[in-house]
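There are two complexes below, and they share chain A, which is joined by chain B in the first and by chain C in the second.
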Partner chain A sequence: MTTAKHPALPVNRRQVLKGASALGLGAMTLGLTPAWASPWGQTTAYPQGTESGPEVSLAIRRAAYPVAGRDARPISINGTSPGPLIRLKEGQDAVLRVTNLLEEPTSIHWHGLILPPDMDGVPGVSFAGIGPGDTFSYRFPVRQSGTYWYHSHSGLQEQLGHAGPLIIDAAEREPFRYDREHVLLLTDWSFEEPATIFRNLKTGEGYYNFQERTVADFFADVEKHGFTDTATQRAMWARMRMSSRDIADVTGSTYTYLMNGHSPNQNWTALFKPGETQRLRIINGSAMSYFDVRIPGLTMTVVAADGQPVQPVPVDEFRIGIAETYDVLVKPEADTAYTLFAESMDRSGYAIGTLAPRLGMAAAIPARRRIADRGMEAMGSHAGMDMSGMQTEEHAGMMGPNQPDSPKLDHARMISMDSSGMAGMDHAGMTGMDHAGMTGMAAHQAGGILPAGTVQPGARLDQPGIGLDPRERRVLVYRDLKAIRPWPDRRPPGRELELHLTGNMERYMWSFDGKKFSEVTGPIHFAKDERLRLILVNNTMMEHPIHLHGMWMELENGAGELIPRKHTLNIKPGERLSALVTADAEGSWAFHCHLLYHMDAGMFRVVKVA
Partner chain B sequence: MKSRIITVGIGTSLVMLAATGSHAEDGYDAPHDWPSPITEHSRGSLLVDRLEYASADKGEDALAWDFRAWYGGDLNRLYLKGEGENVQGDNEAAEFENLDLLYSRLIAPFWELQGGIGYQGGIATDDHPGRYFGVINLQGLAPHRFETDIDLRVSDDGDISAGLEGEYDLRLTQRTYLQPRVEIAVAGDDVPAFGVGEGLNSIRTGLRLRYEVTRKFAPYLGVYWEKAYGETADLARIEGKDVEDTGIVAGLRFWY
Partner chain C sequence: MRKTLLAAVLGLASTTALAGAGHGSGKSQADAQQSIDRTFAFEAGDMWFTPGKLEIAPGETVKFEITNAGNLEHEFVIGGSEDQAQHREMMREMASSGGHDMSAGHHGGGQDDAGNMPSVTIPPGETATLVWTAPHNVEEVEFACNIPGHYEAGMNGDIQIEG
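Entry: the complex of A and B
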């Protein structure tokens, strides 16, 4: 690619040259990849491909461009897909000019940034969007630091690689030190058009799932657990018309999982010098994929979550929900290669890279684990169901014998619980358990409202989630996250707002409180400057990464004054989580599930702070 | 009677379909020229559940089909369903056992209630007698994942009949399915011209082994057994047809 291929680009000459040199490097060594994915990481010596603030120009286009070594047509930003690293500094006034060279409207949302509502980049909520040929200038003061990312908020464009990392250097020294940093942006690429994927999800249930249970699994379970237990379990799932293997809607059967734009075969490599401390900024920029990240042979020390510093937590593995970011420190001492392994939650594939002292090295690739079956869980935490819509899966997440999440629950007990619980699992039973009952139950415990920071009944903060076994290795759980110091607003919540995450898998309808975006009238209201508790109850069988724009959510994980704050919360099936919100950001904000196709299917609301 | 059923059926379908186009107001005070942050689209799909050649042990071979196409949104859809066969070697044109145009509404998470008009007979041929119906259907996924379609019909002569179709997919591998299916027909009135007697008319069952080359394209092989009962069986005997038959089928299941 040369400058001649950027006709009439309103990017400045410096950026064109930068882009060209970055692509030149890429073409020589690694294919056309973003230059911030340089082997030596982001040090002052290797600034190519980084668009440094405060003023940045970005051109969005769709063009032929290889992905995973094959012809593809992703959306590129300044010539790369995923886009360039945008580097800002806390305290700057950023000016980000985005030029749309697509034939359709586009947008960029700065994920996790606290900024004015008209700069948030959500078409129809923050602004009108950026029309074809138009340039929109985002201007906002940078008031935070850490690891974030940016992506399109228009239609399904994010699935086409319209995303990139956004790093804000702190004005003051961060509470940890490191010698070198690498960005690990995880994405899921498909050679199918996003609209085709969405259509397949809408018309063919389980379309991408090639790990469903078969007759063979039944007999294997009979051998392991006996006929009665197995038959009881399977009958329960059959009655519910659900699949216990429904871990991911879109899987490795169509996705190639990418690390910094590299497929597993291309083996992106990050370089280190033995003894150096490496800061890995891991961003889940995928459309639909949860990843479990580990580096066999190295302990990772989690030092930030969603861009915000946390007290160090040493772990061997962590799950990263869509749109979440984690910063970890690793200190490889040996002159050897390590595998950066990000396995998809449903085990249908992985993104992979190598952390090595020299280029051309590779370490062993861990064996992929088997897909886990979702199990059964007592109905307690997720009883409040609204049957007014066609949305609610009558039977929310459950866990059971096959679920390593629950080592304390023995098999026999689970089964007996299952069979007794089943009676309540039909429609009629569920309708009887109403909303009011739930709220009453929670309220009962503290004569009104639980104290700030308290874990809600129904939260599973000690569990890493489906398919992860904390007995095998140390796995990060939400309970581990503790802020360095208390966040500024120490007020207790003045009120509670409970929202249910609902869906209909058969029709691929997703919603809040049983209503798709097209079915709701009016936004969710936050009073300006109020302190409120947002309670999220997952009535579905799937994890949902819930993202609130414009304001932090302080996750009530039992850490008292040191509860962590996040922009995206992963809610496990059947789980009930709460977060404290300071509604200090006047204006309209998007609030949605960050599974791209769930959002597009209606799991989206507008929050209005006034 | 015939024209009234058709008019009412089409009218109902169109009115209900029109209702699907209107969505709730956005409900927040964004300027009018801003787009909606989430846009819903109507879509359509065609499923040919069975397109098969049936080789009967006693009777004639036949080419049979069973399809359903829909267009609409999540809750409201317009369906066209067709099931029929062309008996080989009888020098007669193909006959639709039913060709239904239905408005469909999702009434429960797994169930659609459908209503509209149906037709039985030949298309553009005089080989088969034809008649029209008012049709009500309940289509959905019953507990234990049984695909179910129950229909109740009133013909233009006021004759009542009902049918039940059930299918179950037993997953042998990620791409191979064993599918038992059953069809039961009953009638409230004798209609000799269509070979229908009062009471239980017939039971057809089959077992098909299907391989999904892709999710959307799956050839299969299978066997079936069918039997007519009661007065329906008597009518068949009078016409010199077999009351009970078995056979093998080879066919395709595909959808878009």
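Entry: the complex of A and C
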């Protein structure tokens, strides 16, 4: 059943990669016919090869393997890193045998799949892990379709390329049509060992941030905003032990951003015939990097989010959080090359590829945007917020109604204050636009539970996020995501569970409700089959992609009964948003921030459904 | 079946005279006023039309009976690809100027404002009809749903006008 790519001669691998995979024709050139076929007749290409289900064998090995043309030692899966595309079909009983050829335990988590708890692949939660030399057989019925991915859930292995795409072909017709598809897996590779990166982060959070504001910036600000405002802003950031340019913890100063394992110089190319509709399955399989994806000259129509179909949304750009997936359709009519451009959110680099009618073509690389300043968005300064009010400590305390009981976390306290400021802003923004939201706000203040599907006060679901200007081009926002039909469970939430995302940037401590995973005494309890509302409040100044295993999160974005469901939710700094969960999956499940080093630092919980 | 005489009479007038026909119920007044050469039973789903391609003779008067088998509102518009693209752009702008309004009701009350193009809007579960006479001066037109994203996702098809 398995058609793995095992180049017989290691010396050939580089040529093979350069000659074939780089052209987006890997599978075909190597004579590996994808064993799947869709009624719509698309062809596919993924340079790392395809393993088709229902039975797949995977060997995990640390091996010498070139990355970005340099010698590297990633973790490979069946000889490639990132790993091969695993292709399953809805309705199959999948058997995935994973053999560990590392000298340490490993695991694979099938990200976004609804499956039995002992098949979820999280060591210490789902199972014991896979010891060196051992083989573990994952067996589960495939009950969904769409674009997903898989990755190690052991330590920091994911950072070493221990990840790959997981595509499930639908049993029934999908709500869109296309002629050809391409998978775009985005990752962030470092030639430093992950443990070294983590140590550097612990030593000083700004270690990889070479974009700190300088004295020159300060004087430029003074010129623009006047001395008092500038000094006030600076003092404020200093008190939060943060820099306003902390967009990302780990940046392009150590990362090479890859598209399907190819560096920008290697220019991975996907082929199309003019006039054909292309389905691009975009997966953010990076450890720490948000990307802003666009294809200059083409409108992208978003047709699925996190593997689940959504009502189509034409956009020019979208932000993809770590672990999220989006499916978009594009229809290039011209006989020309287009650039697949995935710029890192902190603007320190990009992953890039080319969509072209023939091999060897390239289009212009878009001009890089300047790094955004958190001061604008996160502090709400453009809304005329009174900055001087932040000067006094008691004021901050007074304004933080939602803060967890963690007096040592300066960071959390400051941001709680900010988050209430944001709520106020959104409130104004909602006028005349979302009346449900307005009444909801009142209900919230009165202590009631909002109707299902309603946007939480403090959510910024109609904002694309820092560094993206919706006036410049049309950018996808969470508000745009609407299911095509309602999800099965229509019950209103029986209760609310509020969790705060907390952190101390300087000490690189990340947590829920101010407690690292090592400090909590037990799991979060969901009653079997209950319907609950999970409210997530981001008390930090960074985005966090929050992932719940085993169950969908139905994002309450105001779409009523057509709210979308996701496995990973991006929560912006200071934002408060909610999701409905049907706790139908008995067992223990991981719940965590998908920023790899945040998870490892303690932003992780176990959810127990019983 | 081609009716040369009828074609000569109705050929150019079709788009304006019959543009509004078929809104609302399955029985339009057009039925009574003119003879229908052919009837096409159409299905509109999320996000597709069947059949996806048609051949109609110039001057032929056809009736489309479009059943919305999907969960979302759809429209059925006939026109040249440039006009369709323009209409699509307009609807997209309307949708985004509404501050990401979540409802699909950006064109109210079943009356589809598709410029001069014959069009009909079909709520989920309902059937609507549109009577249309193929012109003589065009070789190909598109049928489409121009609600933002629907066309791109696959709700479009070609009508070859030849005979």
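Here is the rule we use: the second predicted complex is superposed on the first by the 491 of 610 C-alpha atoms of A that agree within 3 Å, B and C clash if a C-alpha of one lies under 4 Å from a C-alpha of the other, contacts with A are read in each partner's own complex, and residues count from 1 in each chain.
FYI, a residue touches a chain if its C-beta (ideal position, glycine included) is under 8 Å from a C-beta of that chain, and two chains touch if they have at least 3 such contacts.
Please read these numbers as outputs of a predicted model, since none were measured by experiment.
Undergrad: Tell me which touches more residues of chain A here: chain C or chain B.
TA: B
Undergrad: In the superposed arrangement, does A:R374 touch chain B (first), chain C (second), both or neither?
TA: neither
Undergrad: Does chain B (first) or chain C (second) touch A:V520, or do both, or does neither?
TA: first
Undergrad: Which holds for A:I484: it touches chain B only (first), chain C only (second), both, or neither?
TA: The answer is second: A:I484 touches chain C but not chain B.
Undergrad: Which partner does A:T301 reach: the first (chain B), the second (chain C), both, or neither?
TA: Second partner only, chain C.
Undergrad: Touching A:Q311 in the superposition: chain B (first), chain C (second), both, neither?
TA: Only chain C; A:Q311 stays clear of chain B.
Undergrad: Tell me the contact category for A:R474 with respect to chain B and chain C: first, second, both or neither.
TA: A:R474 sits against chain C, while chain B stays out of touch.
Undergrad: So in the superposed three-chain picture, is A:R565 touching just chain B, just chain C, both, or none of them (first/second/both/neither)?
TA: neither
Undergrad: Could you pull out which residues of chain A sit against chain B in one structure and against chain C in the other?
TA: No residue sits in both footprints.
Undergrad: Okay, in this complex, where on chain A does chain B touch?
TA: That would be residues 105, 122-125, 127-129, 153, 155, 199-200, 202-204, 207, 210-216, 235, 238-241, 390-394, 427, 504, 506-507, 509, 516-523, 588, 590, 599-600, 602, 604, 606, 608 of chain A.
Undergrad: For chain A, which residues are in contact with chain C within the complex?
TA: Contacts found on chain A: 173, 175-178, 277, 299, 301-303, 311-314, 329, 331, 433, 462, 474, 477, 479-480, 482, 484-485, 558-560, 562.
Undergrad: Please name which positions on chain B make contact with chain A in the complex.
TA: It comes out as residues 23-31, 33-40, 43, 45, 74-75, 106-110, 141, 143-145, 170-175, 215-216, 255.
Undergrad: Which bits of chain C are touching chain A when the two form their complex?
TA: Residue list for chain C touching chain A: 45-48, 70-72, 92, 96, 98-102, 148-150, 152-154.
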